[in-house]
Amino acid sequence: MSLIHAEGLYAGYGGVDILRNTHLRVGADEIVVIVGPNGAGKSTAMKAMFGLVPVRAGTVTYRGEDITNRPPERMVTRGIAYVPQEANIFPSLSVLENLELGAYAIPGDMSPRLEKVFEIFPRLRERRHQQAGVMSGGERQMVAMGRALMVDPHLLMLDEPTAGLSPRLIDETIERIREVNQLGIGVLMVEQNARQALAVADRGYVLATGENRHEDSGPALLANPEVAEMFLGG
Amino acid sequence: MELAGLGAYLLFFLNLVGIYAIMALGLNMQWGMTGQFNIGIAGFFAVGAYTTAILTTGPADGWLGGFDLPFLLGLAGSIIVCVPVAWVVGRITANLRTDYLAIATIGIAEIIRLFFLNEGWLSNGTRGIPGIQKPLDLGNGGYLLIVLAFVAITYLLVEVARRSPWGRVLRAIRDNEPATAAAGKDIARFRLEAFVVGSCIMALGGGLYAHFVGFVSPEAFRPLYGTFLVWVMLIAGGSGNNLGAMLGALVVWIIWSSTEVLADLVPTALIGSESAFRVFLIGVLLQVILVSRPQGLLPERRPPMPGERRRS
Amino acid sequence: MIEVIQLLINGILLGSILALGAVGATMIFGVLRFAHFAHGDFMAVGAYFALTVVTVFNLPVLAALPVAMAGTAALAVAIDQVVYKRIRRVQPVILLISSFATALVLRSAIQMIWGSSNQVYETGIQLPWRIGPLTLKPDHLLIFAAAAGLVLMVHLFLTRTRMGKAMRAMSDNMDLALITGIPADRVIMWTWAIGGALAAAAGVLLGMDTRLHPVMGWTLLLPIFAATILGGIGRPYGAILGGLVIGCAMELSTLIIPGSYKPAVAFAIMVLTLIFRPQGIIKGAV
């Protein structure tokens, strides 16, 4: 059974549809990657599923419940966490405070969750009193993902988590995402670094001009010559 | 007798409406057309009023004056002196973000008021400058014609400006600054020009005001009379719409005057101070307008772009 | 030299009062993204609330302080609910104009209720202490202690409580706060309550130092905004620092220029900040 399922989405800004009849599905333990050229609507698709872009037609179903156009805070309490591509930390707050705020909407003791995040990102435990805004790009990305994990999500949505990182950090980030997935958290991510991302993906979608173009397992998409030529740089 | 009294009041009233209409037009150039949030109107109002007061009065007793120049030269002086003042203020502030611009302009207006308050050699300090004459020994009726003539001239000028290519650039800046900059327009220059022109219109209003009441003192340029009422007029009338700005001046003065009647009806014991009660009412009125009809009585109607057909 | 020290003492005193006002103003600016022009008048309202408590119940001023703070906090929340909340989504500038109207309404309400003349909390002259050539009134120590205590409480609130952290987070990154599920409406309400309470405290302390007058707060609005901008928008610690700097600069300026130009000094510092370091001493959020 699928964790989240978007069907026939039409969505966009100011009356202009960027998504046209887009379908996306993430299974409970899957890593699903969305790739495609610039302006394909990859980020928009994810934002529409999370309630940040109004959906004009179509439905988003999460664990059997219709969550189309729900406000983001309702998504959080249901166990969906979203990490935007930019401005994804609270820069003037400490690492620890960033993580604590991640758990704001979730009642109950947060220390087990905090412990889990620190296990995945030991670096964050070391630097927990550091002001987040002065950290390196890679560390900020850890803070951002850590904040999202504090929700104790079933589904983690990541918008270009490796953008602007060095090749070594890209590999490390992808590896972390795989570890998160092994905890039983479904991952949906948009990626420019399609090669590395598809290599760990269970499935991938290729979007172009807001429409589904291809859908297959990660390795199969990597092997697909058309996809390789169009989006993976030959 | 009743009727004569009413007529005299009406003349007095219409003069003030005209003067404030001019200031509302000046503000409309800055806010309505360009999106500059100037809440230092009182400063330019004061510059205009004091300049003509100094230029046109007879022998001064301890302050700058004694030039005894004619009325029109006094008004010209008001505008001319305002140009460098507004230019300097505009250079510093015109490119600030809206909220910073608001803070900066209100600060400048207060400093201008402090300046006239403290520099007695220039302005006679708190005592103010008396004896400012109306031209040609006119009464309020004759003066009203002059004021109305200036209202008409100002209206025509700002309306022509609004429809001109220059005015279109200003609106483009207001609505979408990045796109306008990308189109190669020198935003800073256009902003500064609009700021200076708008401020000079306010200074003209100040000059006309000085001759109308015959006396200027720093008290008249507190933010309430100098700035706030003009804003209420523009918002109520419809910012971006020059006719709306003038209609707003009329309507708000009617309301402002009727608050006096209302304040008379309510026992003083209940409201403490009559003037405070009036300010209270006008403040509440503005809040009601902002909550219920923020676009004003006459909303902005854009002139058609070249080649665009007017819908009828 | 003695004169400079005396002026510095006065400056720190004025600075502590400005700091209390500026902390609230900067949080409102940071969370709601608009300059609240009625903040000075919140100060005045708070000062007059305390006056009523002092005269009706015959209490010392510091005992009236919490009442004034609570009353002003309630008033600030009420004004937000009745007016600002309805226009928040239209255009930030409309909020600015509206706050200007609020300022006038509050000021005229004060005139109607308490009158326009100068008033004081306690009549009679307080004997100043003379420490060598310096003079200090007992009240000054009280004012300074109260301001320091309140700043400490704000610090604890912002760093130790969930709501305080959420407030800083909203001021830091509004969109992320919403995505994270922080309840914006509740944070905004708390921001008004704390901003109002601190403004009231600043007003009461100002009233202790000088006298009560309906425009007492309005005249400090410019220095408060100057402190806010100098310290960085949305940065409470910056606002405290900014308040102290502006307060000292205003007092020290009287060595060179007439005292009546003190507001101009605050203004000049603000404009220089906007030109050379618009993000403020501590990098601001907006």
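Chains: A, B and C, in written order; residue numbering restarts at 1 for each.
By our rule, contacts are C-beta pairs under 8 Å (C-beta built on N, C-alpha and C of every residue); 3 or more make two chains touch, one makes a residue touch a chain.
The model shown is predicted, which means the values in this text are computed figures rather than measured ones.
The leading chain pair by number of C-beta pairs in contact is B-C. Among the chains in view, C has its Cα centre nearest the centre of the complete protein Cα set. Chain centres were defined as the mean of their Cα atoms; on that basis the chain farthest from chain B turns out to be A. Rounded to whole angstrom, the centroid-to-centroid distance between chain A and chain C, based on C-alpha atoms, equals 42 Å.
Computed centre separation for the pair chain B/chain C is 30 angstrom, with centres defined by C-alpha atoms.
As a whole-number value, the distance joining the C-alpha centres of chain A and chain B reads 54 Å. Touching of two or more other chains is recorded for no residue of chain C.
The residues of chain A never reach two or more other chains; the list is empty.
Residues 29, 34-35, 37, 83, 86-87, 90-94, 96-98, 100-102, 104-105, 107-109, 111-113, 115-116, 222, 225, 229, 258, 260-261, 263-264, 267, 270-271, 274-275, 278 of chain C touch chain B in their complex. Per the touch definition, chain C reaches chain A in the complex via residues 162, 165-166, 168-169, 172-173, 175-183, 235, 283, 285.
Those residues of chain B that touch chain C in the complex are listed here as 37, 39, 92-93, 96, 98-100, 102-104, 106-108, 110-111, 114, 117-118, 224, 228, 231-232, 235, 271-273, 275-280, 282-284, 286-287, 290-291, 294.
Within the complex, the chain A residues that touch chain C are 50, 52, 72-73, 76-77, 82, 84, 87-93, 97, 100-102, 104-106, 147, 151.
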